[in-house]
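In the part that follows, the structures are each spelled out as structure tokens.
Both complexes shown next keep chain A, but they swap its partner, so chain B is in the first and chain C is in the second.
Take a look at the complex of A and B:
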């Protein structure tokens, strides 16, 4: 029955995302149409272009902050499951129906927030008051500002107005991401400096050098996608990814023409760019395995002197960065809200005919968030899977590995786009690269010279069965 | 000969490429995640015997308790006599042998008019008997040393938690608990007359409840005796007697 409970929980989450998206579309359309109310309009000519207000409230304060808040719980709960533990399950609410039910630990979010808000806000006497207070603000604000250019849902018609789920769509699109992402380092290094603590200072210095070295790879990793779709505006990148690389149209009864094609997702065109960008952006979030600025086991990090909600701001901005990295990666590499493989055209045709623009938009936004949440899981799983890098390894990974790979990728991509503007040869190269890595991954290890891995243990061992002794294998040959 | 850190320095393409190995690592953690997410947890307190696809090996303590292994003896108790008084004769053997020096005894003497000392067989009793459970190293030497089987470790309990240290200093009201024990040759249980053959008057090593013999007590005392059960006996009961 646990499986059923989990499926119901996933359904509730998706339902909440769908409802919030539908609300965002409805609110946006209502604002743009000039608040129609029983046939009357508050503003006669409507308020074209003012949907950004509701988008900002619902996307940034609603989606990003809510998901980031729940990720603090998810990090603890998911890591527990990865490590065969139970995780937080003690906080309950003493109300009828909820009594004694931890509901997977959701109430720990509330207790955590309460703890953060009520703890003493302590400032060391020798710390610089202004800079010390500025640190968390400067670390937190850019993270939220980053989300402004991320499109969550397509432009659809609601209340006769074209509404999209995006706060702003400037010409410089992705350049905004680069510019603002590098601002976050000021908060970190200011916090490290202003604390007047040598460990905090070490953390701040480590953070700034790490951010600066990965900034380069971060930008270069995306150049391939920009070249392929010749734009830096994120909605146009998503539009470009909805085109089909190869495809045949099938005539289906009742559904009409369906294009069963392979969409030109950035991941298929630019697998190398994806890896470079994802690794670099991961380093920017300062999470393990790139967590030397924090260095829990050695220096505690740049926020060692912070307590209460100021520390909470650092922590929540880390999780907000996780959400935003997932959203940007979804938009650039996973086709944004595009479902692909023949679903889109049918869905769009059916719902546009039925004049249900908000439904179409909400479905697409839900698809977007499903992809983004999977990427969030990927980031959390990475944090709980990989060992930390040493500091020099971080620098050499950034400068000696990611940077040359990104540059080579740019040249090869550029050459292939020049030769074949239909992007098909680029996609062939991408599929070959993906296939190569997958083949290497799935190849069974040679038995000689490798220790017995997980698969050789008895199925129900629960990790208690001792691995076969090294002498046992040798003895059996006699 | 130089020491070689790795016995097998050959790495294949997959290991040098790093990425496939990362993906394999992620596959392992995700497999654990999905198995634990979708399957109910086996709550068998014997973790090693847990079955099923869920791999969680936590024993969720207050609700699930790992049973103590066989042979666990647990917290001390002072063994009561049938009349509710401690069997202890305040001989200081246990306090002397205790390596942690955590037993404190103050001896008192029975009045000659006291029924317990009628025959002057039992002369002493503890007015204070205190064990500091925080200092006790649970070695069991006191049990071995006692000549009167007056202190036992057979409760099977562990020391309950307390809010301050003084709560761990156990005195007679807390220590005196459990079933009463009488041996055939208990000095307050002498042969009524020479009609009882002397060979019945030996002192077997009994377990709890064994060797209980009917006492010859005044009828009022007989009533009291049945009340001596598992509960701790209030200190006033025998100090005031």
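Take a look at the complex of A and C:
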């Protein structure tokens, strides 16, 4: 019974993602086909003309905001699962058929939103009105703008038009992500500064210092992938990842020739880059273990003076960041919409022949979101497993650990690409690194001296602990 | 505020001419933590002077939870003091109850029945686990590891269930009476305690796995909140906080009371006197206490649970309702209290946070003339400014957690 409910819930979620993706493709195709009189195409090749309008609405306001909203529920439920609790199950609607059924806490999200919207919007008299109001806006807007360059689905033919699920595909691709990601911290610092509260000020200062220390590693972590595929545009990065490192064609009855092989996913080529980027981007979301700007038990946080929906904006931007971080990581390191291992070519051929471009695109977009949701889960699991850093420890993590690792990674990657442009030697190194990290993480730490009497403390707990790679370390916990 | 002003004067005054070239004037920030702040357990206020995030000066202010404990005790009979002692360290109330009773019994010169001694040991150690679980959980919580907190609190909740079966209350136990105990173990309780301990053992494994070897946790705890052994002694530290400095002092071993000398347990000793060692002390003591509870419940002999002396203990109800002697004894005990001979005494037990000392003075009137508590938390709290000055604000949090300051006993 329980299993059935879970299966139904997963089915509903996947169905919704699939439906929304199909709708996005259909709408994009319709706009492209039906509104050619909107003037000349902005970019003739690659970028769809006016489909970006529907993409913006459906991808950013639909996917990102909906997933972020339901992540608040997912976080409550998943953390409850981790902590042996039940989680939200009190809010119900008194309608026939729904009476006394919390439906997994869906109504809790609604009541939560209602609470945010109806609470008094209080501003301290001594706070600077303009900056105080600007804070949440500046924290929230860049987060959504980040998503503009993330391609969710491939370009397929719908209603005779080429449509892709991406708002914009500028030449500078990933640089947009770096530029906009750095802007979000202004909202946080402004909020801390304008509140005229010492705790909030400390939070704002902590946020800026944290941001400076991980930002370099954030960018350098991706350089390896960019070098491997010689591009900074995300669709080209994904296209590059669909090629097979090793593979061949197998003739199967009824299916014809199938391309089997190991895809050149960024994770296989650049595991170190993945860990560096994921750790740095995790710090960007300002969630535990990087939640020092909030530090609820120390300084209560930069948003201590905010109430109502302004606080809600800070909260929802955190969750939106989680979604977007997961989406970007999916696109760069997990092959984007690529299913891999031989499915793609068969599927593409079959559906293109049948002229079902929208179906192909929707399936791929669903695959993309499944990967992104798994990464969201990983982030939540990390958040509920680890304690918080001290803020100077984040700085030393950023400057002394992540930065040298990222730099070394860039040089080694560059050398290997130069020697072997087929990327195979890079992938071999990647698999070795993955194996090494797994071995380090899965190793049982020796019990920390619990055998009583005289001096029995562990000689050096630093030596027993896995390296400070939150992404990798958390993976082994769950 | 006086010294704060002095410090500001120490800064060189800006030179009028070279104001543009001068460095930015730095100012120290005065920040108020508490009395209502998530990291200030109970209600304690801390005025912290910050330079950046470095604590230059910390000023503790206690008294928000002052209830007049000592004076209250002077107006009631000895047994009626017990509910007041519940509220000292409200996380391990039984240890306060029994510690107080032990001091009174020493003043009277009583030897309590063996079964009562075993049950007292078991109940004390159960509440020591309760206290340590709360402390370890709170460390996890305030360092941001909410899961570890809930695992520890689940164990604590199980102990509360057992304690409420034993004493009738979850928190304010009022357990024991002068001369022994007020009630024996409930039927089937021992088996339930064994099952509880099994579950707590499992939960502790989870907490241990989440925290003890976690690099972030170790970095936050190791080398922070350090106090030297000499300072710890000078401030009057006792209990796990003193033992974390490598000083082997435990009242249970130094001057064994009740049946502690028959228990097989070890006292963990640290070496660095930092937060991490204090945390390890508590984790290890949890395991040792578990062994003590098991052993004492297994070895507890059958027999009376309170002395057979109607001047000290209430007579059986049949005697009260059936005989004139019983009625008189009951009346006198309730109205006048236990006749404690005139004199004074200092006695101590090893409570969860350290040496819980009692200085009692009796004038023979049936009510205490003076009750003074040496609360272990008070001495330890006084060492906090020494431990955190010059460190970062974030270090204050684990330091405050590992010393396990309990407002009730500190502020009385």
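Structural remarks
Criterion: the second predicted complex is superposed on the first by the 425 of 478 C-alpha atoms of A that agree within 3 Å, B and C clash if a C-alpha of one lies under 4 Å from a C-alpha of the other, contacts with A are read in each partner's own complex, and residues count from 1 in each chain.
Just so it is clear, contacts are C-beta pairs under 8 Å (C-beta built on N, C-alpha and C of every residue); 3 or more make two chains touch, one makes a residue touch a chain.
On a predicted model such as this, the values are computed, not experimentally measured, just so you know.
In the superposition on chain A, A:288 makes contact with chain C only, not with chain B. Comparing chain B with chain C, the partner in contact with more residues of chain A is C.
Of the two partner chains placed around the shared chain by superposition, neither chain B nor chain C is touched by A:420. By the touch criterion stated above, A:392 is placed in contact with chain C alone, chain B being left untouched. In the superposition on chain A, A:384 makes contact with both chain B and chain C.
Once the two complexes are overlaid on the shared chain, A:202 sits against chain C while remaining clear of chain B.
After overlaying the two complexes on the shared chain, residue contacts for A:81 are found with chain B alone; chain C is out of touch.
Residue contacts after overlaying the shared chain place A:298 against chain C, while chain B stays out of touching range. Of the two partner chains, chain B is the only one that A:1 touches; chain C does not reach it. Chain A residues 82-85, 384-386, 449, 454, 462, 464 lie at the interface with chain B in one structure and with chain C in the other.
Across the interface of their complex, chain A is touched by residues 8, 10, 13-14, 17, 19-20, 22-26, 28-30, 32-33, 36-41, 47-48, 50-52, 55-58, 60 of chain B. Here chain A touches chain B in the complex through residues 1-3, 6, 78, 81-86, 89, 275, 378, 381-382, 384-386, 437, 440-441, 443, 449, 454, 460, 462-464, going by the rule given at the top.
Of all residues in chain A, those touching chain C in their complex are 79, 82-85, 198-199, 202, 205-206, 288-289, 291-292, 295-300, 384-393, 445, 447-450, 452-457, 461-462, 464-468, 473. Residue ranges of chain C in contact with chain A, taken from their complex: 29, 31, 37-39, 53, 140-148, 150-151, 154, 208, 210-220, 222, 246, 266-272, 276-277, 280, 283-284, 287-288, 392-397.
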